[in-house]
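Look at the two complexes coming up: chain A is in both, with chain B in one and chain C in the other.
So, the complex of A and B:
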């Protein structure tokens, strides 16, 4: 069986690349929402995709969440999918701030817009550091206040061998806005990613 | 006598990147810290002339370090090297007394520019 684990050096390297990419995304979000975003150290861990639905069911059982996915495709086999999970407690506040009307379709539109800003900026920043370039599929909403959230997440996750879970907290100055970002990566892309990380590490 | 310089970043990669990108003519003894608490302990126990400071760190972040340096009137220069590039954050670190802000990953050319500008090389 193929070993997809990362060494401590590879994990540190990936965390720093993610940190830089997150900084770019946060700057974009701050300009988009006209506020200051407090960045936190990204927590990265590799999880088996079959564990994801249970993990997120536990984590979000008290809140409504919306899940937006974006597929990405890079050179040399680097590809995957990002999933943004939004807690909806403060969505109304953000919607008003951005001038969206107060209904579900606008909420979906707004979260899709924010996801596009965050994920494409994040992934472009990551790709640049990996000396790669990504193209993107159109974002899609997988679930919104859906009773079958866990099942939908499971059916998305099962297409991939490994999930690189990046816990990101975007805490805004004037109100709380939390979202989680998950990168789902197929096994061969993980192997490719590890090779690239080793090349980066070897250069320092 | 060579200057003592502190590189404070929670990432080993970032510390190594920065160390390697410093100008060859920068004559300094380099020490490192992996969070703000370690950085303050070093600053309080050694004579450090220059700090390269990350902002997003566990235990104590870079803002906390800058606030402590200012509160204790420590005699050291600080160059912030961070991925948190929001204009508001850059303004805040300068108000807290940082000499300069450099976006991560810090290029050798940018580091040399800033260090030359402030007479550090």
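So, the complex of A and C:
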């Protein structure tokens, strides 16, 4: 079986790239939302995909989580899926953040909007760091207001070999909310990612 | 090989709408897909605000989306599931769909001109009317199945399984909110005789008509279900014993006065009704008590209402 583990150096390098990507995202979001956005340096964790559902079921109450997926494709076989997990009680905050309070947008629409804004802004930054560029599939709501988010996460995660868990905390001047982002990457892309990381490490 | 010649014919024949706007949201380009469906000509609309060219655009929403794409240089999406359409365009399925306009998936992509400073947004519009129509059909089928799954095939009232499940919920609600709750069980008197005399069709006709007569006497929140053969139950939420007996007497009287026509003959039928009310029992105990009261109503001569009374032991002995 292929080993998808990362070395210490590779992991540190990836953490650094994620940090830079977050910084870029935070800057863009601040300008877009016209308010100070502070994205805390995210802690990344490489998780075995089979452990994901259990992990997130512990973190979240089943019925109060919305799960939104967004697929991305880059050059050289770099591809994957991001999953954002939101607490539904944050929906009001998100609506205010996006300026949605005064029109007819549904909860589903707001959540897919904020998800694509957050993930594509971050992933564009990451792609830049990796000398790549990503194209995106439209966001999909995998589960909302039902009891099965852990099972749905399990069936989604099982297609992938590596999960990169990125805990994000968005802090704005007036609001703050937490959400979890999970980057799911297939085996070939993990190998590819390791090669790229090695190249970056070698160039230092 | 020079491939530039490909661009025009491809854009013209692409089965996806392509609409390009500049950073002021003015129209730069749209392809034949949009031109033909919207009946607009590019040369007449170029340079105009997209909101002025296309009627009824969700302006505030679209402005925010386009500004987001431009300032973040990241794509935005819109799905027919959340917003059925952005541009009001006709679709090619006038017969199979009850929707007037094309359901659309839309991707908004940031574009930068070779000069590096001019920014544009490209809106790709895909026809999702098929998916929309299938989704509607699926929802309708699901609704029909759900209805069939809780309905008694003959009489149209709730079937036993669903009715009993609802009784369980009502008991739980009565416990939680300290509400009153009552239960009626009733049985057609001498139904066997009726069947023997008029055949099963006659019996069935009586069940169908009486269900309608009784259903019309109940409130929307009352639950009428067929418990078995000629036995029915009514769950009366927010009703105490006294209120339930009133309802039961009304049903008893209405049935006795109702003249049923079957094959040109007038049938007179009556019902016996047992009543129980919630005082901390389980759903099963409520049914059991109403059933005992019903048995007593039969024993006392039929066409009457009997409420269950404590103590249960005495009743059990009488029944036996």
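Rule of thumb we're sticking to: the second predicted complex is superposed on the first by the 186 of 204 C-alpha atoms of A that agree within 3 Å, B and C clash if a C-alpha of one lies under 4 Å from a C-alpha of the other, contacts with A are read in each partner's own complex, and residues count from 1 in each chain.
Basically, a contact is a pair of C-beta atoms (placed from the backbone, for glycine too) under 8 Å apart; a residue touches a chain by one contact, two chains touch by 3 or more.
Note that this is a predicted model, so its numbers are computed, not measured.
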{"item": "Chain B versus chain C as contact partner of A:7, first or second or both or neither", "value": "neither"}
{"item": "Partner chain(s) touched by A:121 [first = chain B, second = chain C, both, neither]", "value": "second"}
{"item": "Partner chain(s) touched by A:105 [first = chain B, second = chain C, both, neither]", "value": "second"}
{"item": "Which superposed partner A:76 touches (first chain B, second chain C, both, neither)", "value": "neither"}
{"item": "First (chain B), second (chain C), both or neither touched by A:136", "value": "second"}
{"item": "First, second, both or neither for A:199, with chain B first and chain C second", "value": "neither"}
{"item": "Chain B versus chain C as contact partner of A:155, first or second or both or neither", "value": "neither"}
{"item": "Contact footprint of chain A on chain B as seen in their complex", "value": "10-14, 16-17, 20, 55-58, 82-86, 88-89, 104-105"}
{"item": "Contact set on chain A toward chain C in their complex", "value": "28-29, 31-32, 98-99, 102-103, 105-106, 108-109, 112-113, 116-117, 120-121, 124, 135-136, 138-139"}
{"item": "Contact set on chain C toward chain A in their complex", "value": "58, 60-61, 64-65, 67-68, 71-79, 81-83, 105, 107"}
{"item": "Contact set on chain A toward chain B in their complex", "value": "9, 12-13, 15-16, 19-20, 22-24, 26-27, 30, 36-37, 39-41, 129, 200-201, 204"}
